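In order of appearance the chains are A, B, C and D, and numbering begins at 1 in each one.
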Amino acid sequence: MSSVLSGIKIAVLGGDDRELILVAELVKRGATVVAVGFPREKISHGAFVVNSVEEACKDTEVLILPLPGTNEKGVIRAVYAEQELQLTEKAIASVSRNALIIIGSARKYLKEWATKYDLTLMEIVEMDEIAILNSIPTAEGALQIAMEETSSTIHGSKTCVIGFGRVGITMARTLKALGSEVTVVARNSGQLARAYEMGCNRAGYEDLHEIMNHTNIVFNTVPCMVLDSSILKYANPEVLIVDLATQPGGTDFEAANTFGLKAILAPGLPGKVAPVFAGKILADVIPKLLIKEFAELDKDLLYG
Amino acid sequence: MSSVLSGIKIAVLGGDDRELILVAELVKRGATVVAVGFPREKISHGAFVVNSVEEACKDTEVLILPLPGTNEKGVIRAVYAEQELQLTEKAIASVSRNALIIIGSARKYLKEWATKYDLTLMEIVEMDEIAILNSIPTAEGALQIAMEETSSTIHGSKTCVIGFGRVGITMARTLKALGSEVTVVARNSGQLARAYEMGCNRAGYEDLHEIMNHTNIVFNTVPCMVLDSSILKYANPEVLIVDLATQPGGTDFEAANTFGLKAILAPGLPGKVAPVFAGKILADVIPKLLIKEFAELDKDLLYG
Amino acid sequence: MSSVLSGIKIAVLGGDDRELILVAELVKRGATVVAVGFPREKISHGAFVVNSVEEACKDTEVLILPLPGTNEKGVIRAVYAEQELQLTEKAIASVSRNALIIIGSARKYLKEWATKYDLTLMEIVEMDEIAILNSIPTAEGALQIAMEETSSTIHGSKTCVIGFGRVGITMARTLKALGSEVTVVARNSGQLARAYEMGCNRAGYEDLHEIMNHTNIVFNTVPCMVLDSSILKYANPEVLIVDLATQPGGTDFEAANTFGLKAILAPGLPGKVAPVFAGKILADVIPKLLIKEFAELDKDLLYG
Amino acid sequence: MSSVLSGIKIAVLGGDDRELILVAELVKRGATVVAVGFPREKISHGAFVVNSVEEACKDTEVLILPLPGTNEKGVIRAVYAEQELQLTEKAIASVSRNALIIIGSARKYLKEWATKYDLTLMEIVEMDEIAILNSIPTAEGALQIAMEETSSTIHGSKTCVIGFGRVGITMARTLKALGSEVTVVARNSGQLARAYEMGCNRAGYEDLHEIMNHTNIVFNTVPCMVLDSSILKYANPEVLIVDLATQPGGTDFEAANTFGLKAILAPGLPGKVAPVFAGKILADVIPKLLIKEFAELDKDLLYG
């Protein structure tokens, strides 16, 4: 399997410790890796470090951008870069024909460029495999925040998990395992049946104000305004809210502040609390994606 | 809530202990319940027992058939009936206008009659809520079979769960909780990520022959021929196969027999091992369905 | 390690499938094993099968009797023996000087013979290691009984474990893992603190009549009369009592019968429900005991 | 029950947030509580705040000192005190006849004073109930440290728990629940059997150097030098050691430092990470102790 990426040119543009682990894996599997936005000494032997996005992109067959992607102006998130990394149309135009771009999620301009230059764009942050694996460090990071911010234990506490998708399931399982009494709030009766099977209490959104009244810690995973002031006003003053939904979260933080409630927005936990684990996820999933993609490409070339 | 079903006429045709619990609940909520296929003394006070399917169906607004439904000739499964209960077109034709038929899953003729007489047919066996709740007694029943048929413990055993849907997830969680080393076999990488998060080993179907070689107990939940002779020939002679998929299961039982392997087809466990629990599921879910259905009907009548 | 038992003569007198596994292990480790009470074809190659207890005992350095031991008249429990195996003083008198006798627990006459002939007697049924490992098949066997005898699931049930020693801890953990709400009844506040840490409810014996009233399944592990008629009269009529304490158990079975309660005495589960697992325990622990014993003997001989 | 402590005079000398919760409970149960070493506004209504240890001790029937007790010179741990609280013989001499002194563990001089003045001294830090309940915040605090100090997750990590007593059991259960692969190191074969039952790997101290080589996080609970340089030299450079044993712990921290290993001594976690929970333990256990003690005293007075 290690030789399948042999000779393929991959550019890694910015990122953090996770990309360092990914680069090492790609090198190990035989790819020719060019990285930008990292100091030479941090990058795995066998990878090339260049100084500009343009240089990295030129003729590359695969372009890997970090999970948090770029901002609206094209600046790539790159914690180790000494100067801003700017993604430009010129750079994108210079990649190899039919190249593959892998990114957490793409802004509008990147989607347009991909269409214009006929590149395959893969947005991976919402892929089940990555999202579920990342839910593990997310749940542990949320737990760490809860432990740091409360003066009691998780064991014996009453907690509430809002939303029962990829993060919510892991969060509920983890809290339950530590001995908390967990209430899951969700709309879908199938999800609530699963919550029950896992030993959690079940509730609907109509029960939320009641729940806020007697819960110690609330973990929100739903990226909509679920904890607005009409709900928060019922919260017991000691409650801790940990909001795990993508920015701007699902809590009215201003209202929480007005009511004197402690509410913490905690997005992007995997890269913060467990970069090594999160890096291994990328190092595990991205090569599989590439192999599958190139295998299909070969088929197309052969039979197409 | 109890009064919402008040005055609605519901016919319950056959079934087993589960329907007895359902009938009691429907009576409690104010419905007028007519049952056929049960002895008078088993049926809850307040429900009527009649002697024929036709009598029960006449002018009824809701018709409830058991989860296992009818056979190809229209015979309704009814363990307490002294004589065969036959579902006829004449009976169906006599129900109230716009009536609702609830059944596990419907045969072709029943679907045609529903269309012909403009009745709403709800097949509930595949509803997430019912299927997930039923996965609990299914997993415990499978465990009971495994305990009865092996001479070692689940704790410390190597087990394999094929398929990671509604039953597979519960089965894996249960085995893991008892201290087994569980390997989940599935195709979907998101499902495998979840299995990993739950502490299970992950494998693909291509690993199945290898797994059969060193596993103590295999639980199949996939209703396709997954354990055919090409796989079974690799099985260790001591393996136990418990097949939970809908009849005819996913095992080549003849081949298993030829190889001297112990393989057990165990469909319909909830009604067998935990009729009270399974009855409570019906008593919990069906009234909610009815209330929702009639509420929508009212809306249609008001605004339609 | 395998050679340490090399050349040591060991007699295995009766027993069941567990002893077959033990014999195989002892042979593997180099001992000279003589067995009585088993058909030739069941006994591992390399062991000798003889026809009488006397023949087996003669000059043996180690004598292994089954965990259930002998009855008051000296009859050894031997499920495969074609005729009764009788342990006689004559046989005991013929063993090697300083020989070691291993048995579950010894009757008075055997203790006297051991003293008289200066033999070392080890009663192993109460050894922590064996008792705790055996608690695993005991708990699973109790679970199997509970599953077979009830018509609901363990998940979601209210269960009670009386006594929180070696079996009680395992029983509580197992029930909790399956999703039951478990109440532990014990006297010792340290044990109750541990039960709380494991997520169980805590209660004292003074709460027992109240508990009996709303519990689905009660598992007793205390070998005293704890469930007498003064308690049983408060039991809800649907309760199931599984008594795991050594015969005669801790339940007044006659009173239970009078009150119409289902109560099952289930001693010796490991050998019944999981003989292979239970045999492996013996095959794991007894060689370690022998090695330790002979190592000390050697020391005594050298330095004594 | 609340009236049993009615009128009894209790002095609380120093401590932290835990004692605040305890004071509130004692007041609620009717005791006359005098506290020293706390600001007036933090102390529950109904309790008296005095300015000196002497004043608090005079004629008191119960004297409560904090779990961490006093230092060698008699200085009482009192985080809210504005000036040092000094326990003097004069103060002890002024308490009521037959008074009860409750403290975590007592220094030599306090034991001597108790004997000299005929006072009952209860050292509670080693009481099973308190130690086991405190093991819950200890394990969560240790987890929090581990999460903060590592860049991977607990899920999927290899961890080792040295010692399997009151803290070790809870630590192992907690790690296992979070999805770690846990190895328990202990000497006692019964403890190792229990670790196995809980799903952990078992090892002896002779395996420790090997374990250090491939483990991510080691939690020591044994208050002896178990991780000395002869063991630490085998540790993988990335290992994290969290030492939970009473000061000075069981790790050679100097050697760890020399080898470049990260080792953290973390005693007294309950009061630090979960003072509310730890306070509730005192508020739960100490009144029960007092009630029992005074009940026995009454008996002695009646029948003595």
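The rule is short, and it goes like this: a contact is a pair of C-beta atoms (placed from the backbone, for glycine too) under 8 Å apart; a residue touches a chain by one contact, two chains touch by 3 or more.
This structure is a prediction, so every number in the text was calculated from the model and none was measured.
J.: Across the interfaces A-D and A-B, which one involves more C-beta pairs in contact?
T.: A-D
J.: Suppose you list every residue number at the chain B-chain C interface; are over half of them used by both chains (same) or under half (different)?
T.: same
J.: Cα centroid separation between chain A and chain C, in whole Å?
T.: 52
J.: How many angstrom between the C-alpha centroids of chain D and chain A?
T.: So the centre of chain A lies 40 Å away from the centre of chain D.
J.: Which integer distance in Å separates the CA centroid of chain A from that of chain B?
T.: Inter-chain centre distance comes to 37 Å.
J.: Specify, in ascending order, the residues of chain D that touch 2 or more different other chains.
T.: In chain D, the residues touching two or more other chains are 136, 155, 179, 197.
J.: Going by the contact rule set out above, which residues of chain C touch chain A in the complex?
T.: Against chain A, chain C makes touches at 155, 179, 197, 199.
J.: Using the touch definition up top, name the residues of chain D that touch chain A in the complex.
T.: That would be residues 17, 136-137, 140-141, 143-144, 147-148, 150-156, 174, 177-179, 273-277 of chain D.
J.: Which residues of chain A touch chain B once you look at their complex with the stated criterion?
T.: Its residues touching chain B are 127-129, 131-133, 135-136, 169-170, 173, 188-194, 196-198, 285, 288.
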